[in-house]
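Here is the structure we will look at, set down as C-alpha cells.
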C-alpha cells in the first residue's frame, strides 16, 4: 500500500534530519532549512483550501502572524513551553479561519478571497496598536537557556519544524485519500452539482478553512524563538502570502506532493539567492514564475509529469 | 388516500423584479411517472431547482414524504432521496466517470447504498452504456455521454424521487428510446420519476400524468391524452 | 463635548476624500460590477499611474492631472493586453477557472509593485504643482486644494462614465455583456471585444486616479494595498453594477474614515473599509443600489 511506504519514507527523513544535526555544525544550514520546512507547512496548508476546494486565500500572512503573536503573548504572559505555543497558535489561527469562513463562505468564492486580503491589513493594524506584544517597534524574545535533546536551539527548532512539516503533509495526505477529500474535489469541480449530490458544501468549506488556518498558525508558532525578534513587518510579511500560493501552483495543486515540490524548489532557490540578489528582486521573480505557471502550466509540475507519463504510455 | 411523495403548494419564486413562478401547486404520488412540460422560459427548471433546493422559494411550501423541506439546504434534500440531473451537464471534471458516481454513492446515497461502491457504480454505468468509459476523465466525454453521466450520477444517489431535466435533448431516436427504457426500469423498481422534456413522444409515452407550465403558472394537469387535446396548452406552445 | 469645528472639518474632508475614492473605485465598479472580473491588481495600476505622473512632473514639470489624462490611452492599451491574457487563460475555460484568474491578478499585483520598488525605491515621492499647497476657507471649514481638485475630478469621471454607460452604444453594450452576450452577438457586437474595451477603460481610469492620488499625498509603492479593501468595500456597498452607487458608497466610506481618523487615530481608518465590507456582505450583499 502506497501509504505505508510514505510512512516509512517519513520516518527515514526524520531520522536523517536527526543524523544531520549530529554531523553538521554550520548554523546557517539549519536557519535556511528551517525556512524551507516552514514553507512546506505553509504551502501544504494553503493547498488544503486553495488546491483541494478551489477557494483562494490571499491572507496567509494573517494566519501565520496569529501563530507568531499567540506565541509572543504566551511567552510574555506565562512563559509557556513551545509545544503549548504550537497548539495554541494552531487553535487561534484555526478559529480565525472558521470565523472568516463563516462570514464569507455563504457568498461567492471571490468575496472570501477579497476578505482574506483585507483581513491581513486589519489584523496588522490591530497588532501594531497592541503594546503588550511589542506594537509597531517589535519585541525581543529570549530563547530558553537549554534546548531539549540538542546542543543548540536552532537545531532543535529545525527538528521541530521537520516534525511539523511531516505532520502537515500527513494531514494533507489523509484528507486527500478520504471521503472528505473527495467532497473537497467535488466542491472545486462544480460546487452546485456537489451540493445537489449530497455534499454538505458549507460544512466542508468551513472545515477546509479551519484546518488550513490552523496549520498556518502552527507554522508561525516557533517563529519568535527562531528569530528572537518579532515585529509586525516580519510577521505579516507579504512574501508569505505570495510564496504559500506560488509554491502549490508551481508544484501542482491537486495533490499533497505539489506543495512539497514547490516549497522545496522555490524555497531552496530563494534561500540560495538571498545572498546574491535583493529581496525585492526575489519577490519579483517569484511573481513572474507564478504568473507564468498559472497562465501556461496551471496543473503545475506534478500535472506536467503526469501528462508526459500518459504520453509515454500511449 | 396515501400522502403524495412530493407536494408543491403555491410555490413562488422571484428574481429581482421578475416573477419566475407565480404560485404553482401540484403533487406527485409515490411510484408515479410525472411529466412536466411547457414552452421555454415557463419556469420548469426554476421549479425543479426549488424542489431540489438549489434555489429557495420565496413563497409557498414544499413537502417531501410529508415533511416540509422548504428550508432545508440542497445537500440534505439529496440525502433524503431527491436527485436531479442538470440540463447543461455538470460533471466533476477532474474525476473519472466512475468516480463521479462513487461520489454520489458516498454522499447522497450514504445511508441507502450498501456493499461495494465501485461495483454499484459500474452496474449503473452498464445500464446507461458508459461502462467502457468508466476510467476516463469525465471532462473528455462527448456531449451525449455527459448527458448520460448526469443521469447516471443522479441514479447513483439511489433516490426515491429522480428529476430528469431535459436529459434527452439532442439525442438520436434510438438513444431516446434507450434512456426511456432505463427510466421505465427505474420506475418499475420503485423510483418516482419527474421528467422534463421537449421531446413530446417521450413525455407522452412515459408519463402517467402531465403538468403544463406557462409563464410561471400551471395551466393544465392530467393524463397525456387530456393534455394533447387541451386548447390552453396548444395556445401556450403555438401562440395565438 | 466634541468640537463642532473638528467634526465639520472631518466630515468635509471625508466628502472630498470620497470623491477621490470614487475615482479609484470606478475601475473596479466596471470590472467587478459589470464584467464579474475580480481584478485585485487595480490599485497597483493606480499607483503606477501615480508614478507616471510623478515622473513627468519631476522631469518636465507637467501638471499631474494633465499627465494622468495624457497617459490614459497608454493605460488603456495595457488593460487590453492584460485582459486578453486573462480571457484566453481563464474566462474562456469556464467557471471553475475563476480561482486561476484571482491568482493571476495577485501575481500581477506583486510584479508591478515590486517593479516600482526596484525602479523608484521605497522613499515617498510627491509632485510639485502651484495650487497643491493652497486652501480656501468657508468660515470654520478649511478646504485644501489638494483634496478639492481630486474630488472634483473624481465627480467628473463618475459623471462621464455614467453618461457613457447609459447613453452610448458601446456603453450600453458593456452594461449588457455580463447578462446577455447572446443578444449582443445578435446585434453584431463581439462580447469579447466589448469586455476588452471595458477592461481597458477601467485601467485607463487608473491612470487619472493615480495622478489624483499623488496630488493628495506622497506615494510609495506599497500604499496600493490599502486601496484594495477600500475599492472593493465601496463597490460592494454601492451595489454591483451601479456607478451612482459607487459614488454614494465612496462618500460614505470617505466620511466614515475621516471621522474614525480624527477621533480614534489614523491607524484605525483602514479597518473601517474592512468592517464596512464585512457588514455589507453579512447584511445586504446586494449593496445599496445593486441589481443582483
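To keep things simple, chains are lettered A, B and C as they appear, and every chain counts its residues starting from 1.
The criterion applied here is as follows: contacts are C-beta pairs under 8 Å (C-beta built on N, C-alpha and C of every residue); 3 or more make two chains touch, one makes a residue touch a chain.
Just so it is clear, the model here is predicted, and its values are computed rather than measured.
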Intersection of contact partners for chain B and chain C: A
Longest centre-to-centre distance from chain C, chain (CA-based): B
Intercentroid distance (Cα basis), chain B paired with chain A, Å: 43
Distance from chain C to chain A - Cα centre to Cα centre, in angstrom: 32
Residue list for chain B, restricted to those that touch at least two other chains: 93
Residue list for chain A, restricted to those that touch at least two other chains: 188-190
Sequence positions of chain C contacting 2 or more other chains: 96
Complex contact set, residues of chain A against chain B: 179, 182-183, 185-186, 188-190, 192-202, 254
List of chain B residues in touch with chain A within their complex: 52-54, 73-76, 78-79, 83-84, 86, 90-95, 99, 102-104, 106-110, 153, 157
Interfacial residue positions of chain C with respect to chain A in the complex: 38, 40, 85, 89, 96-100, 102-104, 106-108, 110-111, 114-115, 117-118, 225-226, 228-229, 232-233, 236, 267-268, 270-271, 273-275, 277-278, 281-282, 285
Chain A to chain C touching residues, read off their complex: 50, 54-56, 58, 103-104, 107, 109-111, 113-115, 117-119, 121-122, 125-126, 128-129, 188-190, 238, 242, 245-246, 249, 278, 280-281, 283-284, 286-288, 290-291, 294-295, 298
